[in-house]
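Structures for review follow.
Here chain A shows up in two complexes: once beside chain B, once beside chain C.
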Partner chain A sequence: MDEIYCPLCGKPNPVGNKFCEYCLGFLDNQENNSIDPGFTKEEETRDSGGEPMADEQHPEGSGDIRDPDSRDQFTEEDKGLGLELPAADSYDWMPGSSSNVESDQDDISPISPFVGDSEGDDSGEIPSWLNDALEDESSPETLEFEEPIEVSEQPLLEEEQEIKQKSPGKLESAGPLAGLSGVLSAEPGVARIRKPGAYSTKIRVSENQQEHVKLLQSLLEDEGQPKPLPRKSPISQQHVLRWGIAIVLLLAIFWSVLFSEDQLALPVYDEGSAEVNRLINQLPDNARILVGIDYEPGLADEIDTTAVPVFNHLMSQGGLLTLISTSPNGPILAERFLHSGRLEYEYINGLDYTNLGYIPGGAAGLISFIENPQGTTPFSIDGFSVWDSESGEPLPPVVGINQINDYDMIILLVDDPDLARIWIEQLSPIITDPLTLSSLVLVTSAQLEPVVRPYYESIPQPVNGLVVGLRGGAAYSRLIGGDQLPGKFWNAFGMGTFIAALIILVGGLAYYVVPELSRTVRGQEKVN
Partner chain B sequence: MSWADWIGALLGFVLTLLVFSYLIGDNQLFRMILHLFIGVSAGFAATVVIYNIIFPRMFAPLIYGQGSEQILALVPIILAGLLITKISPRFAFIGNFPMAYIVGVSAAAAIGGAVMGTLIPQTLASMNLLDVQASQAFDADLGLRLVNGIIILIGTITTLAYFQFSTFSNITEKTQLQTWIEALGQVGQVFVAITFGFLFAGVFSAALTALIGRVLFSVELFQSIIELFL
Partner chain C sequence: MRNPLYPAVAIGVGIVVLLGYFLQIDLLVNVRIMFLEWATILVGIALLVGVVNLLIVHWNKITSEHPNRYNSMALLGGLIFTLLVVGYFGPTDEVSVWIFNYIQIPIEASLMALLAIVLIYAGVRLLRRKPNLLTIIFIGTAVVILLMSGPLFGIDIPGLAELRIWIGKVPAVAGARGILLGISLGVIAAGLRILMGSDRPYGEN
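Take a look at the complex of A and B:
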């Protein structure tokens, strides 16, 4: 034991000193003030929350055990290590222990900070600086300095005794307040003078956590970096498929149009077309026909081709036409159809037909026209008064027409399911009336057949006749016995339909067979 | 053919080729044709509306008509004027009145037509297929008609079952469709698939006809050009 540590400031002092060289605190020269470096370090680690004190050795035996918290800590933590808490009597040597507070008050005499304990042991030497001063007898301070030592040997002054009696607390034995009684002790943790634990400012990160941090950092950096889009091949599999189908279809159609000489047989019979044929045959001479033109230019080829045989038949019967449309493009398509040169008869505007133009308002406009044709469309598309011409008579196509069921027949050329449905729904009460002599006939695109056929099949029939698509037109052409439909058109249609069916069949087989084959090949490779 | 016909035919041929350029992929030429087509359609529709509707039905009665005609002509003009306020956010609320009138009338016409023209008649027609006495009056081939009626009945019920997603809530058991409804739905799925196939065939047939029309047009144009020079 070379050094002893001050219980107040914690600094090392030579063994034998009674007072601390730094704070002049009382040093207890007992062995439990000595230091076991290893144990102290461990204890410091506990006190500082796991952070050992770097450069300070704290005397375990003085401050900590005197601290009740430390005792508790010792009891709870160290019992498992086989350490036993000493009995309370074993702390009697401690100045501040609870067991000897009373004796401390009696035994400890007031001590001057400059005077050593007269009853101290041999090691209670006077500090060197004090010794030098004492040896210097010529110095007047020496005489004065010796006086307090002697005084300290003397009994307590009356005032001091009075204070001691009045204040039952213990007398302070060290420090600036030495000799005073009733001094309130500070909190044990605060009173323990020592350096604060050296806490590291670095975050404790394990290697695994560091790896994760690096990974996250790299991910974030990658997010900010622009990545080039993957280069798409200019010719993808989809392109090849699309071009292949288009080439096959176009070659088939061109071949059929250019080189086929024999015309494919027209459909033998179509019930809807036959019904239309029958209705037209029953029309009176100069029958008034209302024609609704409600298709778009995109499907004009199909509708026109389908309607040509029907209108040739109708014109051969001398039917007078009134054209109307709920589409803005309808009036011009109607004019184009009548004057395209595909019809066998040339009709004259105002004499054989009149074009009432466009009805705005969709279903509401159509209702208005059905209920009051004269009020809804008083003028033709070229601006002439239809119902009351300059001669005072209506134009021939509308003579005798006061309401919609005065027409002998209503023919609707339509390619849109919604428009077809609106026409049928609004005309249905009139057409299904047993007293009406009018009939409704539809000439439609093939894509409308699923929508309009139920109206034709049902009883009572809101639709009396149906010519659907190119097939319906071909069937009608065969019924009237003329060369109404271009043979090349029908041949190309047959060839195109056949090729399309073949493509669908081959594609469907490939869709199911190719994955199965590749799966089988893979299985064989695994076996091998 | 006149020069106008020649120019129109050549222009039509070039436009057809540009539309076919979509086979290569979406390109500027194809888009240009789309814009051209939409622009021409809109321009023509506006012309038709002005010359066929707005002037003869709105302004002509106001200018050339007499007392009652002029007053009646004011109604659509006022409503149209109110509708124009929709372009201003501040006065747009004024346009709500004619808009409400248009929507109300259109909805009434559409709903009335759908109920009286489609829903009730088609329901009755489906029921009549199984009415033996009524069928005898219309069709001599009674057996075929009955078979047709039964197929339609099964198709209608099973298709409705296929689109049935409601279940009864039950705390103790897992909520799921009843087995017999699921079985009906499986049958209905077949009818739905057949219907879609029929629709696809119709659409393809229409598109193929349009393609043949364009091919025929091109071939006839080239034949005319060859005849012209030979």
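Take a look at the complex of A and C:
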């Protein structure tokens, strides 16, 4: 034979070549590798002709190879017919060929294609680098993670051993291909059961990572634990400032009350107070006056002090008073005012004045009283019948009063903007009527001036006179020429307002200037 | 379905009262006065109901060992004591006036005094942050009004008294007029909504 066929590509190569000229595959120069091409072609022709090769080669070889009888039969027939399994090397297309089928590592050790046949070729020396590589491959380190090979201790049957010798591929043990070697396994997962590799459960962590883990752990632990709030200092800057303001203000007022002997000058003129003074001067003797008391106890001192000169003037004219209120505190505030001892005249209940008490209902109650005073408040706060007494006559303060515009004057003492507005707006149709001789006068707290002044300055006027705050009372006191407003009130009031204005100015400027100066100084230091 | 009775009653009464205000017809005026007297009586009764409710609420707090039950006990004690004193002596007796003069008025006056200190403190701190034009105007106005409300030790600063009068008559009155106009428009709108039934403050939305 002058040609040898490559077991990998099947192409002819001259005898003596170690490697295929086409695919560089290793050429086995043994006899069984030099296949007669005629035979191979015949076999290929037979395959391509579609005739079942198994029927010719194994006409009765379909028995289960695992059955010892059938194996015996198969072996005997094969031997008797002279049908030996062809050498695997000669069928490179057929599974089980030792040259093109990857041999099972369970059965055979890997053989490098570069390892020459010891009998065939003496001249083929393995280069040193390849030898080293082969040694490395076969070194135990490369097999470190390989599972130990389990070798069945059961001895193989002779037939199986014979088949294995002829075809070193793995024998199929189940299914219709049972007994054939080199068959791809239908159950690869089952066929390759191995123990799982031994992996370490420990994580390799560096010291730096451990530090980070500890830091994170401490952060998480701290997050779940309540932290006590930082204790505030019992004396803060705000406390000092508030206490300082209060002390300075109180000292100034006390000093003024205790040591100020000379009364400071009263205001020369106030338009609203002058108008009230004029209206009271024009009142007839024993004029009927309706007095609305609608302020809260907190502002009682300011309004009472403001109203004292007005009521002294009124009482000097002999005015008879009817007191009414839309606030629950109003009736008792009225009693307190009349009996406080600050007025020059002592009025007697039921004779000089009558207290009709409290009208519930706010605006609705006030309208009801304005529309029908007798029906809305038939009794005084003491429970006496005001409009129809036991003697059959009404009480003196309400004699001749059938409706609201029968009063000669209505004076309203008020500190609340809403109440002032309700009184003014409900009385406005009566007061602005040209036929009405009655007038409406307001004695209010200083905080109410912006609200009531628009009514006073309107034309026609729903409000005819206005005494606003302690300053208005002082102006009225000066108008009537008496010492109606005690100096201790006016002086203390003046001192208090002056100190308050001073504190706001000085403190505000300090709050503004000091931080600005400190910023400027810091900026200059940075520049330097 | 909403009960149509409530809006019908409310709208009917509102229209009668409103017409009685504009039309001087005896029937309308008398009906209007009657409705107003009813309203006054009802509000008086509502005040009494409120007092009774207050008493019950605080009584329940005392009996249920509420944490603030001592405050409730003080409130109920004061209420009952005042009720007994004023009921026995009468509202204008000296004893009743004494309670008013020496308990209620000092407490409320103290609150007003505290308010004065707090306002001064707020005025001081107003300039702590970077002041703008409005802040300066606000502080300046307050200082001028304070200085010129009192006697200022007899010192006459030229123009300051006139400035105070101008502030009281022009800017303050202008602002107050705006507020009053706004209130009037709001009241008219609220009244119309009730009369049309779109606003039902008597229990139905």
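What we mean here is this: the second predicted complex is superposed on the first by the 306 of 528 C-alpha atoms of A that agree within 3 Å, B and C clash if a C-alpha of one lies under 4 Å from a C-alpha of the other, contacts with A are read in each partner's own complex, and residues count from 1 in each chain.
Everything that follows uses one rule, which is that a contact is a pair of C-beta atoms (placed from the backbone, for glycine too) under 8 Å apart; a residue touches a chain by one contact, two chains touch by 3 or more.
Remember, predicted model here, so these are calculated numbers, not experimental data.
In the superposed model, A:G472 lies in contact with neither chain B nor chain C. Applying the stated contact rule after C-alpha superposition, one finds that A:P394 touches neither chain B nor chain C. Once the two complexes are laid over each other on the shared chain, residue contacts for A:P454 go to chain B and to chain C alike. Look at A:G10: by the touch rule set out above, it reaches neither chain B nor chain C. Looking at the shared chain after the overlay, A:H239 reaches chain B, while chain C stays out of its contact range.
Of the two partner chains placed around the shared chain by superposition, chain B and chain C are both touched by A:R421.
Legend: residue contacts after superposition of the two complexes on their common chain; A:L249 is shown touching both chain B and chain C.
Of the two partner chains placed by the overlay, only chain C lies in contact with A:I503; chain B stays clear of it.
Contact with chain B, but none with chain C, is seen for A:T305 once the two complexes are overlaid on the shared chain. On chain A, the surface touched by chain B in one complex and the surface touched by chain C in the other have residues 242, 246, 249, 297-299, 301, 328-329, 331-332, 360-362, 364, 367, 381, 421, 446, 449-450, 454, 457, 469-471, 493, 496-497, 500 in common. For chain A in complex with chain C, the residues that touch the partner chain are 241-242, 245-246, 249, 264-267, 296-301, 328-329, 331-333, 335-336, 339, 349, 355, 359-362, 364-365, 367-368, 371-372, 375-376, 381-382, 421, 446, 449-451, 453-454, 457, 469-471, 490-491, 493-498, 500-501, 503-505, 507-509, 511-512, 515.
Those residues of chain A lying in contact with chain B across their complex are 239, 242-243, 246, 249-250, 253-254, 257-258, 297-299, 301-302, 305, 328-329, 331-332, 357-358, 360-364, 367, 378-379, 381, 383, 415, 421-422, 424-426, 428-429, 432, 445-450, 454-455, 457-460, 462, 469-471, 486, 488-489, 492-493, 496-497, 500.
Remark: chain C residues 29, 32-33, 36-37, 39-40, 42-44, 46-47, 90-92, 96-97, 100-101, 104-105, 108-109, 111-112, 116-118, 120-121, 123-128, 131, 139, 142-143, 146-147, 149-154, 168-169, 172-173, 175-177, 179-180, 183 touch chain A in the complex. Against chain A, in their complex, chain B makes its touches with residues 23, 25, 41, 44-45, 48-49, 51-53, 56, 105-106, 109-110, 113-114, 116-118, 121-122, 125-126, 128, 134, 138, 195, 198-199, 201-206, 208-216, 219.
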